[in-house]
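Okay, so chain A shows up in both of these, paired with chain B first and chain C after.
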Partner chain A sequence: MSDAAATLTQDRQRLELSALSAPAVIFTVAMIAFPVVYTIWLGFQSFSSTGKQSFAGIANYSKLASDYEFWHGLWITIALYILALVLQLVFGVWLALVLFHAKRLPGIVRSMFISPFMMPPVVAGMMWLVILDPSLGAANYILQSLGLPPSEWLASPTWVIPTVALIDSWQWTPYVALIVLGGLQSLPPSVYEAAQIDGASPFKTFQRITLPLLLPTIVTAAILRSVDLLRFFDIIYITTQGGPGNASNTLNVYGFRVGFEFFNIGYASALMLTLTAIVFGAVLAFNRLRGAVAW
Partner chain B sequence: MNARMFAARAALPVVAAVAVGAQAHAADFDWKKFQGKTVTFLANNNPVGLALLTYKADFEKLTGMTLKVDGYQEQQMRQRLVTVMNARSDEVDVFMTLPSREGEQFAAAGWYADLSAMSKNEAAAEYDLAGLSQALLKAGTFNGKLTSMPMNIEGPILYYRTDILKKCGVEKPATIKDLEAAAQKIKACDSTITPFVSRGLKPAVAYTFSNMLHNIGGTYMANGKSNLCSPKGKQTLDTYSRLLREYGPPGVVNYSFQQISALYRGGRAAMSFESSNELRTVMDGGERLKDTGLAPFPAGEAGQVPTAIGWGIAVSAYSRQPEAAWYFVQWATSPEIQKRMALQGIAPPRPAVANDPEYRKWIDAEPVRKEWQAALDVLATKGSSEVGYPIVANPQSREFIGQAVQDLILKQKTVDQACAEADKALDALIAQK
Partner chain C sequence: MTDAPTTDRWIRYLNLLQLALAGIIILAPTVWMVLSSLKPSFEVTAYPPTLVFTPTLENYVQLMKTTPFASYAVNSLIVTIGSTSLGLLFGIPAAFAVSWTRVSWPAILTLAARMAPGTLFLLPWYVMFRQVGMIGSYTALILSHAVITLPIVIWVLLPSFDGIPRSVYEAAQVDGCSVTRILWRIALPLVGSGIAVAAILAFVFSWNYFLFALVLSNGDSKTLIAAAFNFIGEGSTQWGALMAAATLIALPPLILAALVQRWLVSGLTLGAVKG
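Here is the complex of A and B:
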């Protein structure tokens, strides 16, 4: 077969493959594009309390600048994000190290360590709501049994964000640990052998070898958790509904209430698109960081 | 919209006309007219919705129709409804609605079908439209259109522990001042008991707060403006928040009906101000059956003006089969079904059912049920359905009331600051079209 004929055949095969996969590709793109395009369109609409709709131009976006609840929600979202991410990365790496070194740990114990993230967030929220109830919950009972003062947990404007961050960390730290464990298992043994020959202490080995080599994996875990944490909704909705006051009113919770309780779908869309831009920004920043720490 | 006084029981001309029309067509009525059709019902999984759905099979047998039930908790139900209605979808034929909360808004948005015409043309002889609470029918009528049929009557009432009050030497409180004094005595007498509990969760506060505001003699609006900073408004904000701050459970700002009922049923609260609908939940297990007394909320300067509302059942304006949907609405609010629901503890919106011998026998079986019915009678005769601001954006107005109360419970603001901020936000809301 001549080169020209072979190229023709290849082109035909490529065309056939493209034609065969086109419906699936078009369907997938449409499924992703339609909600995004529709939300962008809604962001330029104004909805009255009665649901009457009209074109609003950029009014919804200019309203964001002067909306106290938006800036407050943004601050709460970022505070919760940073606190929960730090907790999950620190304890996730620690848990991964424990699981990595505890070779004799029974399978059931390993399963228990990672079981929280398999629980639906709504169930986790309900469970912690009961445990942390200041009057009836087990948490204060334990504190008081130990002679410690009780806490108001989710009912305290000061403690609600740390408490929510703790609940989320309880649930998702094992997930981070699993990712980091995968990274640990793929590290080259030769560098550890060299460190052992040089007489490096376990802490120095962790500080100078394990942690730097794990950084790309940790950054990957941070990207995955960032997307979830910036869109944080379910546990807050179950436990506090944004309260007390507006102390846990994240952007996502605020957007939900504006859209589904106050029926202002246009402004809610503008809020959610702004949040989407923030999530994209965080992911892009972490992607750059991952490139910088790759080895 | 002014407070709808439930004492106003005079029949509405529109309802009377509908009732006469219905009788004229009753002879031709056929429950099997829409046999084979499927009606979709968006239901609230609250005690009212759950009690109704225990008879689902009876409806299907009677009409030959299929009832497809889409059941959710209250907030999720509204979320689903908003999505469906904004899309003008015919997915939902019938839905549960709270006219006191969303009635103005949904009516203005055109989401309710007008039931007055359907009830005139398609009513069974035994339906007895005029037998439904005229006040509740009026509460579901907007711009002359009957938008929903009442399913029950309910409102917040005071649940109190007779044994604890006796132990602490406290009489059943007759006034709001008595209530506070009783809470103070109970706190001193037994530190393990929460003296008083009511709603503190921001969106839920208005339900109980409104009762106290009306008892004290306050109003939400005056001359088209928010009125929380009026002397009565400030007095209510101060009293309500002080009661919860000083005598409520820790974390009361997250308390709604679930937490309140759990606390009271568990024997951890001496007085609880919660919905009459919670009777069944509170009495579950039987521990509170013999030591609980019930009464309308104690009087203020304006006497007793309890909050009295009712769930309604409406036909969607976008339903493609409104007549078939109306058959379900009619069956669900018929005397027979409402009597059967009443025997499950759902207070009937029909005076005739409330006086039915079988229902009276059920009431007389337990002293606590007698007190419950007596409190409901006060709700039915003296109540107001005004919960939050009487404006289209009523749900949002409840947020600002709740915010002011929470700011005071948490001591984050003074009464003057809290009411001024709420009034400013509420004036802007009132001005919205």
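Here is the complex of A and C:
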């Protein structure tokens, strides 16, 4: 084949490959990139109650700084995020170790472990709403049988966020566990053998060898959960709609309500762009951490 | 060293005990949901809660009679199958091209949807779809849900395409095959199981997705997930019907996920972990 003909084939090939990814790229630009640019523009607009639109400058953003609901929502979002993330990572690592030592994992057991996070969060919300009912729910019956005081769960302004964190952890701890299990299974067996020869206790082995080697996997699980937890919406919206009062009004729930219940599209855009910046910031921070703990 | 095997056995028992405990915590709420859906209506709200009862399907019958459950289910199927097909149609060639060229930005671009809060897109979509009168249309719902399915398809398929040896492509090129022909005739049959996993995961996540249908569907196009609100609205006396609805809505994703459980976690981490 001559050089010219080879270049021709290569150009043709490159063109064909671009054409293959073009539909996905065009679709994403049309459905995401363009709307996000539009949202940025909407963030500088104000909408009157009659739907009239006018340029508002940075009014939406300066309103953010003095909006009590925004700061409250930010605090709720972060509290829920940290609580749920810690629960899921701690119990996820525990569950992974238990599964790892069980060696064989029949398909039926695996299916059982994935069932919480494969069901719609909305269904999980409906289900727990009934179980956690303050007067007739099974959860309070169990507490009382054990001689413990009953809880108001989702109906209590104090307990609603821990309760939501518990529901989400019920759904996603098995997911974290299966990711960490994958990490455990890929560790070289030689490191354990060396520790055994040195006579290290199981706890020391875990603390000094397993945990440091697992950290990159755990950080990966933390990133994947952070993205979902900071945008928390489904379970809260189906069970409390941000209540009681505003006790579970996370930023995503607040932004949704400002946009689609009060139809203040401009201010909702400013809120959502701020939340997006927080999510991307968290992912970048964790990515750096992953680089630091890599081996 | 005579007690070493005994200690080992105790550690094994302790481990099985923890496994059983975890299994009970994971399964009990779901079992309770299904049991409640099968209880006679007067027994659902009985306190203390009962474990032994005569199962009945009256809650399911009542659900079908008093709500348009079947038509919500059809809406959910149309939106989910439509968006999964669209995700596969756009995602398969894109994943192939990204794997071939090792130029990854198109795949990363689609990930943006996985990271940003859905309301960020929903606000401009709502404004735009309303202007062209598409609120409540299947088209708007399918397009918005394809934003969920596309990154799943691409990221599940990337490792599958990466696993095909280069020599296979090169041999085909010597025979004069074009790139597109290589995709359809050679690569696609080799990643069949990957496509099955991608399709099922896309289906599950599209079926489960709440936010977009909440705003973009209306009375006629309401999906099951968006209609879940109506079921709750019926009040605490209707627990039986509510749990029947919850059970039926959860059934399709749970059955599909069980089919691909072995490959599911590596698919769900978008390539970050090989499970």
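Going forward, the second predicted complex is superposed on the first by the 259 of 295 C-alpha atoms of A that agree within 3 Å, B and C clash if a C-alpha of one lies under 4 Å from a C-alpha of the other, contacts with A are read in each partner's own complex, and residues count from 1 in each chain.
Heads up, the rule we're going with is that a contact is a pair of C-beta atoms (placed from the backbone, for glycine too) under 8 Å apart; a residue touches a chain by one contact, two chains touch by 3 or more.
This is a predicted model, so every value here is computed, not measured.
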item	value
Clash or fit (per the criteria above) of chain B with chain C on chain A	clash
Touched partner set for A:Thr240, first chain B, second chain C, both or neither	first
Touching partner for A:Pro134 - first (chain B), second (chain C), both, neither	first
First, second, both or neither for A:Asn60, with chain B first and chain C second	neither
Contacts of A:Val25 with chain B and chain C, given as first, second, both or neither	second
Comparing the two partners chain B and chain C, which touches a greater set of residues in chain A	C
Partner chain(s) touched by A:Gln88 [first = chain B, second = chain C, both, neither]	neither
Touched partner set for A:Phe260, first chain B, second chain C, both or neither	both
Contacts of A:Ser48 with chain B and chain C, given as first, second, both or neither	first
Chain B versus chain C as contact partner of A:Glu152, first or second or both or neither	first
Intersection of the chain A residues that touch chain B with those that touch chain C	133, 135-136, 259-260, 265
Chain A-touching residues of chain B, taken from the complex the two chains share	75, 78-79, 82-83, 85-86, 105, 108-111, 194, 201-203, 249-254, 259, 262-263, 266, 268, 392-393, 395-396, 399, 403, 406-407, 410, 412, 432-433
Of all residues in chain A, those that touch chain C in their complex	12-13, 16-21, 23-25, 27-29, 31-33, 35-36, 38-39, 42, 94-95, 98-99, 101-102, 107, 109-116, 118-123, 126-131, 133, 135-136, 138, 141, 170, 174-175, 178-179, 181-183, 186, 217, 220-221, 223-224, 227, 231, 233-234, 237-238, 252, 255-256, 259-260, 265, 268-269, 272-273, 275-276, 279-280, 283
Interfacial residue positions of chain A with respect to chain B in the complex	48-52, 133-136, 150, 152-157, 239-246, 257, 259-263, 265
Chain A contact footprint on chain C (complex, rising order)	11-12, 15-16, 18-19, 22-23, 25-27, 29-30, 32-33, 36, 45, 47-49, 89-91, 93-94, 96-98, 100-101, 106, 109-110, 112-128, 143-144, 146-147, 150, 154, 178-180, 183, 204, 207-208, 210-211, 214-215, 225, 228-229, 231-232, 236, 239, 242-243, 245-246, 249-250, 253-254, 257-258, 261-262, 264-266, 268-270, 272-275
